[in-house]
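In what follows, a single structure is set out as structure tokens and then discussed.
Chain lettering (A, B, C and D) follows the sequence in which the chains are written, and residue indices restart at 1 in each chain.
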Amino acid sequence: MSIRAIVWGENVHEAKSRIVADLYPDGMHGCISAALNEDAGISATTAVLQEPEHGLTPERLAETDVLVWWGHAAHGDVADAVVERVCSAVWGGMGVIFLHSAHFAKPFKRLMGTPCNLSWREAGERERIWLTSRQHPIARGLPDHFELEHEEMYGEPFGVPEPMETVFVSWFQGGEVFRSGLTWRRGAGKVFYFRPGHETYPTYFDPNVRQVLRNAVHWAHNPEPRIMSPDAAPNVPVTEALEPLTERGPRLHRDGESGYR
Amino acid sequence: MSIRAIVWGENVHEAKSRIVADLYPDGMHGCISAALNEDAGISATTAVLQEPEHGLTPERLAETDVLVWWGHAAHGDVADAVVERVCSAVWGGMGVIFLHSAHFAKPFKRLMGTPCNLSWREAGERERIWLTSRQHPIARGLPDHFELEHEEMYGEPFGVPEPMETVFVSWFQGGEVFRSGLTWRRGAGKVFYFRPGHETYPTYFDPNVRQVLRNAVHWAHNPEPRIMSPDAAPNVPVTEALEPLTERGPRLHRDGESGYR
Amino acid sequence: MSIRAIVWGENVHEAKSRIVADLYPDGMHGCISAALNEDAGISATTAVLQEPEHGLTPERLAETDVLVWWGHAAHGDVADAVVERVCSAVWGGMGVIFLHSAHFAKPFKRLMGTPCNLSWREAGERERIWLTSRQHPIARGLPDHFELEHEEMYGEPFGVPEPMETVFVSWFQGGEVFRSGLTWRRGAGKVFYFRPGHETYPTYFDPNVRQVLRNAVHWAHNPEPRIMSPDAAPNVPVTEALEPLTERGPRLHRDGESGYR
Amino acid sequence: MSIRAIVWGENVHEAKSRIVADLYPDGMHGCISAALNEDAGISATTAVLQEPEHGLTPERLAETDVLVWWGHAAHGDVADAVVERVCSAVWGGMGVIFLHSAHFAKPFKRLMGTPCNLSWREAGERERIWLTSRQHPIARGLPDHFELEHEEMYGEPFGVPEPMETVFVSWFQGGEVFRSGLTWRRGAGKVFYFRPGHETYPTYFDPNVRQVLRNAVHWAHNPEPRIMSPDAAPNVPVTEALEPLTERGPRLHRDGESGYR
């Protein structure tokens, strides 16, 4: 069975910027989704900010293996309830991939627990992406480095927690570097951040970038059953202790009472 | 100069539970603060939920090196603005130590990016705390294991991100285990979670526990200057690029414009 | 195509100890190999210390996806050349799983870079293994905890580097704990250590243990091509630099010269 | 009391290369040692390959807090017994800093458990070192980036395990990047790798580099007592179990017998 992916697009620049509309006539989400569907093992659909619940209803997330997120101009318009729902799905096992300016997306900041800030420059300069973790599944089929002739610069320090793995580091023509491919695990869900993808350049048509996206969907997919209550904190009664146990001393909670939150 | 610590106490059980009031006549925060002040290198004060802004004004946090947090019954009463302020101070370099039931404290969940859940049992059972990282600064002067005769049980799986270091793992009489001392870094701030400390037991009078608390304050202290805007995302103009750079291709932002958030 | 696994057995106790011979008439390696072959996706064979080159020729390792290692009494008899060969295969992408007393196996110590020591007691006590990383592929199909009624105790501190992930932590009847399932990556190869498996108990017949072994083989398998020279340090001539570059200043090496090792 | 550091120098190029001898008339080790001694909190001496036991006797290591290692042309001449002695001191708590071409030094490879390889080019090109971990103790007093006008290039992939922290990443004029400041912990000892320092350039006279070296010595210093037998694996007799325990089932070892290694 193929991996069920949603490509979530903010879909704002596509309507407001002629440059972006011309580059991505099917929307950036449409372009990314098409890249994923080139892989027979992935079945990708799209969702956008403007849909009810941003297209991310509980029912739909329950049937999604990996969510890919691109946002920029309208991070603040994403409803907090949807952010919590997305994070809960990740904790329960849904994979998630944040692209480029989604470093400031609400669910990314929520999952990281840090500001996720960086420095930036929009000059259409050359970016060269270096592999730092050979034969990593996210780098499948890629050379040790590849170039994007026109990209926005993102510079260190990048305000994220130490990653589980550093997969890519970028070189920029103007003199900066950036850890452009990083992995984390949050609960049962795998998280990948991938830097390239400024909206005024044709980055998501680049064959190497498209390969990374497909690889990342495979990597992020957790085939185990989704945990439906990933924040449950069950009480274990004394009578059900695994080793013989006699209650001693005072206690605060009465039998059957829930813990505080 | 000594390390400036605040011990933040929820201060609810002390007023409502006779058991807790008798055990901790100066409040749990008072007891913990006294433990810290036994170290000439630490200068500890207290703050409680009931104070204006929970005693954590911007001015006070700016003069705090390490914050120690105990909460349980009233996590939900902590104002979100104070939570963000605390997290921002951590990202800027303030150390923070979360104790026991503070696994569900808002700032801990915010910094971790995960549910921080666990299983639990209140039976006054024996806990034995094992050191897993020899000669770690947080374990200074401690034996390879020590016991608390009466504690609440917390059991795995503990819903936190993989730590930077696992310092302690607990054994429980009833058959469970728990990673009871874990470290992370979030921005410039160091974070330590330490499990023991149920309010109905005299845990914070235990000499080994008090030693851990003092050690952890020293470990969490970052003597570098506090970053005042830890979420800044500065634009680097093309004219100030470190390497000669000519702008190419289209762009979205005008000169001097801020980035989106 | 199924995953090609070798179960390497020291095969010493089987010949010298009646207890072990009776428990494992096909050898411990035979029992483990049979556990793996219950999975149609794995094709497991065995190799033992007593074979020429311990059964681990370059040709055979080149055709092996995952190596499973059990050793105890004869760690010192493993030839250093074979140890380097095994490690080189791991760096190139071969997965490797070290079981129980293989914490002191030469290739494990070589890959970890630490002493890999621990405390121990042979008393046939109860071990309870707790899952610390929900829905981790190595825990596929397992409950949150399972028991082995008779096992050797291993106690913390365990002298290994901080792992990439802690998957299991064990509780022991006599009062100790142990991080009993840990993962690392070394080069392109994935490494898993799994604690249970003392030779005088029927541990490798336990259904949960067998499930862990099969899961771990799947997890450790890197389907990417093996890197044949994982220690190559190529010179990049100035004339082949990716950006225009003019040589400046003095140098030590002449054109075409190899680097020092 | 000041931190006792040894700067270990291979001291080969100084004798064979006029360029190096002119740049570093006191030896590279002498220059680095002088940089450390500018800090009143550090007391640095030197040791070289050509001394008996390479100047690293057990007595001297026992009185050393942090060892700084530079080697290049003669890695193979370092005696294996000294390598094991150095690693054992690290496991017991001695800090260690490996500089530049010491990526191929025997003790570094031994502590990492990987090939530690990279790509390289000797062209005197510009290196710009970016800070990736703000307010990290190793970056104390440094700007967010600094430049070395002439350096050897080292390029990714760098064959080391995922670090505990990435502190610096380098940009090279010729188009490469490199994770040039990485930390690990091995046993009780802290390990730092710092990339710059090719022998034909005056790198160790650079004020920022010297600052990093001093900072790193402070960071690597573990003030806890040295563990003298960091590979001990003690047996815990049944009669000394922390919880009441009755021996059950067969065992392999007799009372008082040591474990296998």
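One rule holds for everything that comes next: a residue touches a chain if its C-beta (ideal position, glycine included) is under 8 Å from a C-beta of that chain, and two chains touch if they have at least 3 such contacts.
In this text, all values refer to a predicted model and were calculated from it rather than measured experimentally.
Compared with chain B, the chain whose C-alpha mean position is the greatest distance off is C.
Spacing of chain B relative to chain C, judged by their CA centroids, is 36 angstrom. Taking the mean of the C-alpha atoms as each chain's centre, chain B and chain D sit 31 Å apart.
Remark: chain A and chain B have CA centroids separated by 27 Å (rounded to whole angstrom). In chain B, 128, 133-134, 155, 162, 164-165, 175-176, 185, 187, 242 are the positions where the chain touches two or more neighbouring chains simultaneously.
Viewed as a network of touching protein chains, the structure reduces to a complete graph with every chain in contact with every other. The touching residues of chain B, when paired with chain C in their complex, are 128, 130-134, 144, 155-158, 162, 164-166, 169-172, 175-177, 179. For chain B in complex with chain A, the touching residues are 13, 17, 19-20, 72-76, 87, 91, 101, 104, 110-115, 117-125, 150, 153, 155, 159, 161-162, 164, 173-176, 184-187, 198-201, 230-238, 241-243, 245-253, 259-261. On the chain A side of its complex with chain C, the touching residues are 93, 128, 133-137, 140, 145, 164-165, 185, 187-188, 222, 224-225, 227, 242.
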